[in-house]
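One chain, subunit A, links the two complexes that follow: it is found with subunit B in the first and with subunit C in the second.
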Partner chain A sequence: MKKFMFVLMAGLFVCSQAALAGNVTGSAAFSGTAPAKTEIVMAADPTCASLHTEPVYTEEAVVNSNNTLKNVFVYVKTGLEGKTFPAATTPVSFDQNGCHYMPHVTGVMVGQPLEIINSDSTLHNVHSLAKESKEFNLGMPIKGMKIKKTFEKPEIMVKMKCDVHPWMNAYVGVVSNPFFAVTGEDGSFEIKDLPAGTYTLAAWHETFGEQTAEVTVADGQPATANFSFSG
Partner chain B sequence: MTSPSSNSIWLYRYSLLVVFATVLLILAGGLVTSHEAGLAVPDWPLSYGQMMPPMVGNVFWEHGHRMIAGTVGILTLVLTLWVQFGKKCARIKKLAWLAMGAVVLQALLGGLTVILLLPPAVSIFHACLAQTFLCLLVALAFFLSPPFVSAGLAPAAASASNTGTAQRPWLFKFWVLIFAAVYVQLILGAIVRHTSPSHAVVFHVIWAFVVIGLIFLGVRAVLVTLPERQGPARTALTLGLLVIVQFFLGLGAFLYTQVLAHGYAPRTAEIFFASAHHTNGALVLALSLLLTLQVRE
Partner chain C sequence: MPPKKPSLYSLDKTTVAFALASVILVIGLVWMVLQDSTREWKGWQRKFMTYMHEKSVAERDQTLKAVNQGELKRLQTELDQAKAVVKERQKDIRKAQKELDIINTRQIKIKTSYQNLKQFQDSDRYYYEEDEEHHEKEKAEPYAKAMEARAKEIAEWKNKLEDVEAEQAAKQSEINQWTGKVTELEREKARLERDVTTVETKIKNFTPTLAKEILNAPMLDFIHPTLQVQQIVVEKLQDDYYFAKAQKVDRCITCHLGIDQKGLEDAPQPFRTHPNLDLYLSSNSPHKMEEFGCTTCHGGSGQSVSFTTAAHTPRSPAQAAEWHKKYGWESLDYWADKMLPLNHVEASCAKCHTGAVEVPQAPQLNEGRRLAAEFGCFGCHKVEGVERWKVGPDLQHIQSKLDADWIVRWLHNPKEFRHSTKMPQIFDVENTSDPESLDKNAAAIAGIAAYLMKHSDPIALTAPSAAGDSEKGKKLVEEIGCLGCHTSQGFSANHHGPELTGMGSKVKTDWLFSWLKDPKHYSPGTRMPNLRLSDQEAADITAFLMSDRNEKFEGIRAPYVKPEVVSSMTVEFLSSTMRHEDAEKKLTEMSPEDQLEFIGSKMIAHQGCFGCHDIKGFEDAKPIGVELTYEGSKDLSKFDFGFVNVPRTKQDWIAQKIRNPRGYDHGKVKPYFEKLKMPHFGFTDEQANALATFVLSLQKADIPMDMRKTLTETEKETETGRLIVQKMNCQGCHTVDGVDGRVRAMMTDAGAMPPVLTGEGKKVKEAWLYHFLKAPVTIRPWLHYRMPTFEFHDKDLTSLVSYFNHLSDVPARYVADELPQTTPEMLKEGKNLFEQLQCIKCHKSNPEPGLSASFLAPDLVMAKNRLRPDWILDWLKDPQAVQEGTMMPAFWPEGASPLPDVLEGSADKQVQAVRDYLMAFHPEEEKKAPVPETKA
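Let's look at the complex of A and B:
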């Protein structure tokens, strides 16, 4: 009986929380001329070159076919002050694959493990240029090798690079809450279960800078936030 | 010891070999910086836990630099020991030990750059000590050279007994000043190379005109006052030529590193100008020292 009461209470609590939160969706539009694509020459490491039959391009500005931007990191800039969130325990995957970081832009919570993987049969060094957290530089000489790393402080954005292959770089957004997303092939994003309230959302892009948008989340109502970048 | 023994000659030739290897090492070090390869091998003293990692991508530059450095370290050790067991005066022996100390310190600094993830201060110190080490070797080779040895004199005695600069001590002092000015230019250059954005480039360019002016005056003074002495005249002319080359390489490095847009990786022209300017700068410094020693005789 006691146990049942507990489950019921817990269930009610979760429901009330959900009712007081809503999802935010939106997209990152792009106007202007898309920068010319730069093809990467991987000749310096024959293994890297052999892993690709199609040309590979740098990703500092990927404009999708629907005139939106890929790799925009969307996060809550203000509105969550004073609230703390326990670090998620599920690792975020960060793969060195084809001498390329996958994904190019990602996010983790402070304390949440970033699982760095080497899927290539060549060596990489993974070098975090974090300014707020401790910088690190680790050798990953063996295929299949995995290392978990965490960041101590929020930082928009931590640059990651490989010094062996100068074309390899990526960005990790480190935030103190679970409400962040990265735009994909259609330029859209979704932040789930943001507690009801008024926020400033920010959208960061490697080349086109940062945009902000105000959004109000009401109980259980979907909200939208759209960003537009120009090149 | 009026005519140099064949052992002395071989020791002198060997010291030149070490000087040459060190110039190559400085070039290799410049190429590491130009390729931004300093952290391509994250561990030290081993490389990816091995003596010999696969030489792919920028590992080629970083590990290659370590291998050449190791070779120069061994060459220097042999030189130091050879000098100790030869019949050399105490000051030359000390100079050899100083060079040995410098190369060991340089290796430790190199390791420190890797472990501390390239803090500018350590990289700048490593860059300056590299050329200081070259200067020590040039001085050592000079004191081991046959003309110097056949004079049968210790470095200190040599200047006291000379006939040339006794009347022209100002020429020696002037070249000490020029050498110091070039050394300052090396420090400024190292700051430009290891900080970004670098405001030091303004001082480096302004100081370049001072250095070039001083070298031209110094070269002219050598040619006018010591026309009968082949050694200094030859060094002076070479130095004059190298400093002109250095100016244009500097312009190229400035254009490619500071003005033009950068790609995802350093471009060939950028690597060429920056590394050539770096190594030729080391030659300018080394020849300034050599000429200073020559006019002191």
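Let's look at the complex of A and C:
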């Protein structure tokens, strides 16, 4: 009987935990005229140029076909104060591929490793212009090289650049919780298992700035938060 | 009743007189004693006792809390137990103690006998040695025998002594087995309670007791009072009382009782701790209290022990009022050496710290000195030991630069043309604004303009060879380095050179073009460097600068110059050297132009324009201002306060003079040429105060040489370099000597900023730096900022090289070709690494055109001659640590090598190999070293 009660209690506890969190979904809509695409000229480094047959465009404003924005970093701006979350141990991949950062925008937790990869057979240097965390600038001359780096403090956003190839730049959002996402090809995002509560979500875009939205998560119900940017 | 004896005095009257006198004496005595026992400082000392008592009691509670109570309890229990044991064994202990006493007595007896024997032996030895020396064998013989016989005896007694001492130790340890524990525990307990005990002692010291009251009681306090005047007798310094010098005795600590004690930082005054004990007062500071006293820096009357007579000086009228209310403070009008208010106390630093551009930790004094140099104060005021240079432009070729009309409008109101100008307002100010003076001002200005135009040589000018593009010129001004000294169109990082505004309303186009191309052509002494502009660049900048006009200024109409005023001024000047009649006669011989030129030359002499400007005809003129070498020591009575309502102190007089130089003429009736003539610079209160501190610091101090700060050779060289750096405004662009390069704040991309020169002495070789400063070459082709050519003299060049060396604490090394020792293997691996790490990707000698700016890095061909081998190692290991924000990446982050197969993967060895290769690198090698394509 006692054993049964224990199992029941444990079950209830687990359920209540699940019931007290919910997923937040949404998208970053875009209105207005999309800026013209800028082609990257890689002639300065023949190795880079040889890696592409198709033209490559800059990514400071990528408007998807469904009039949404790609590369929007969505994170919890307020509502999690006083809560601490252990840093995730799975590294976030950050690849220098075809003289291009992949992905252009990504997020990482404070203390979570960012695995920087060089997939090109040319010299890259990855220069973090972090203001809150210690700035780093690493030379990566060998193809296949991997270096793991972490950030010590939250920062929206840390700019990364390559001094060898000035067209290469990317942004990393450093936050102190696991609740963040980046919009993709369809402009949508999903933040999983956000504990029940009321939050201000913020959506950051490199060109179009930051938008915020209030969202309340309750009882395992999915919540939505939509952002709209205009050009 | 016996008859009254006749006397010369009346007994009754005398008695009355005596009685009266004794009453007066008693009252006088009581009054005196009361006065003495209620002296101001005694009150403060009593208050200090109360304050410290309260503080210590509070402290005791804190320390008690800090004591580990559990541990204390355990010790107490154990101690009690140990004491119980001792009590129980009392009988045994007493018995053992008695036995020990007997043994002790025996030991003393034995020891005495033993020592006596030894003394006899020594005595015999002495006689034996002496007789032997005198070859008296027969006499010596008996001593030798006696010694031999006694030696045995001594050995025996020594054994006896050792035995008894062993016995003693055994007995003592027998006793200790019972009592030893108590001693040990008591010691441990005392250690635990040490802090509490200290506080307890303190409390005891500060607790009022009857004994202390008696000792301090009136009439008894001559014996040994606890309330006493405290004083510092400063051995090496003397106070000057005009007719006599007396040793410096400072009694400030009679009331400032906590001044050198830590922990009283928040105490009420006068008990508060000095705010900087690391620098002052404490025994390990450079300014020890016993050596320097208080008034050496603070001023005031050190021997006085009352608030007023110590000559405290309030910082403001508000504080004066507050002090008067609180302490009955009055200003000591007849005491010359009043205390310096805290905001001017840095002036005293200069008593000992002479010969330095910067006195450490004296920001206001340093700022004052800097302002004085920047605004050309030394042009008119001689100050011994200060370098002078003319801060204004050279006027010897002025006619090629601008016209007379501009000079007239400018002299009437310089700020109207350029608000930020350092040119002061000389005419039309407070004491020369009456109609008569205004007429004279107009004539004087016209005269000066006429003189300057006439007494200047034309100079060859070049017209812009190409049409200038104003837009491009604007960009150049913003990017090429002009902002390193000048303010232009809202970009305001530097105010070293004049603000670049309204040039179109001032100078001739050809002049500006020629000036930009080669400033020293027009003015050999100018500090404006040569930016090595191409004709096109100079034309563009000329076009841009000339496009900016000051229409308001152009529209100003100069006041009408009355010919009769010109004539009367001419006569007035002439009359100073000849009879009036002759002067009148001479006037008739002069044309109006001659008269103008004549009064111009006289006005230039009168106002001392040559203090800041090079003017023909005034090459050897002496500065017109009061010499300020010892201004700070000047008697207060020699400062003319006139009818101006400022507090009667030197600092207030000086600050007021600097703020409003003509102000002290207020209410005075003076002829035009006798009026005060120091021009109006428009200083802010803050600037005026800094300058006042500097002027106060100029004093004749009677300080022995060994107490002064004497600069070492190294420090002197550093100071010389520092002065050049300040004079040439190197910090306008570069971060050096703890100051951030001022233009850097306007930029966001660290890679585009002018280089940081912190650690430059450690980085580059002396010879290279010398030649670079002499004739700069491009090191960083991606920078728009251009290192100008200053055309330094050799002396300045060597000073600058030494300065950079000293800042990095690197001794000068005159090694022609300093190369590290290396091996062919290291060079081979170095080359291999150089290629694999693709260094050449950024460090190109001849970058292909069209590459983006940040593609580039310094040409490594230069490294061999430019860089110090050791620096390259530090740099390669962690570039960010050497220069934050650099584009140079770390190839061996945290000591890990990306190439484990080269040189056993050792980062240190790889770094060294690359360095060795670089030091042997030749330009041809680069061509042979194409960027390798690493196979996937």
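Keep this in mind: the second predicted complex is superposed on the first by the 216 of 231 C-alpha atoms of A that agree within 3 Å, B and C clash if a C-alpha of one lies under 4 Å from a C-alpha of the other, contacts with A are read in each partner's own complex, and residues count from 1 in each chain.
Basically, a residue touches a chain if its C-beta (ideal position, glycine included) is under 8 Å from a C-beta of that chain, and two chains touch if they have at least 3 such contacts.
Predicted model, so just to flag it, every value in this text is computed and none were measured.
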Inset, instruction - Using the superposition on subunit A, decide if subunit B and subunit C clash or fit. - result: clash
Inset, instruction - For A:49, decide between first (touching subunit B), second (touching subunit C), both and neither. - result: neither
Inset, instruction - Quick one: classify A:40 as touching subunit B (first), subunit C (second), both or neither. - result: first
Inset, instruction - Could you say whether A:122 touches subunit B, subunit C, both of them, or neither, answering first, second, both or neither? - result: both
Inset, instruction - Determine, under the contact definition given at the top, whether A:164 touches first (subunit B), second (subunit C), both, or neither. - result: both
Legend entry - Which of subunit B and subunit C A:58 touches, first, second, both or neither: first
Inset, instruction - Look at A:137 in the shared chain and tell me whether it touches subunit B only, subunit C only, both, or neither; answer first, second, both or neither. - result: both
Inset, instruction - Once the structures are superposed on A, label A:145 by its partner contacts, choosing first (subunit B), second (subunit C), both or neither. - result: second
Legend entry - Region of subunit C that runs into subunit B when the structures are aligned on their shared chain, from 311-319, 473-481, 635-643 or 653-661: 473-481
Inset, instruction - Determine where on subunit A the residues touched by subunit B overlap those touched by subunit C, and list them. - result: 44-45, 47, 122-123, 125, 127, 135, 137-139, 141, 163-164, 166-167
Legend entry - In the complex, subunit A residues that touch subunit C: 43-45, 47, 121-123, 125-127, 135-143, 145, 147, 163-164, 166-167
Inset, instruction - Report the residues of subunit B in contact with subunit A in the complex, numbered from low to high. - result: 35-43, 48-49, 53-54, 56-60, 62, 117, 263-266
Legend entry - Contacting residues of subunit A [partner subunit B, same complex]: 38, 40, 44-48, 58, 60, 122-123, 125, 127, 135, 137-139, 141, 163-167, 169
Inset, instruction - Could you please specify the touching residues of subunit C with respect to subunit A in the complex? - result: 751, 836-838, 841-842, 848, 850-855, 879-880, 884-891, 893, 898-899, 931, 933-936
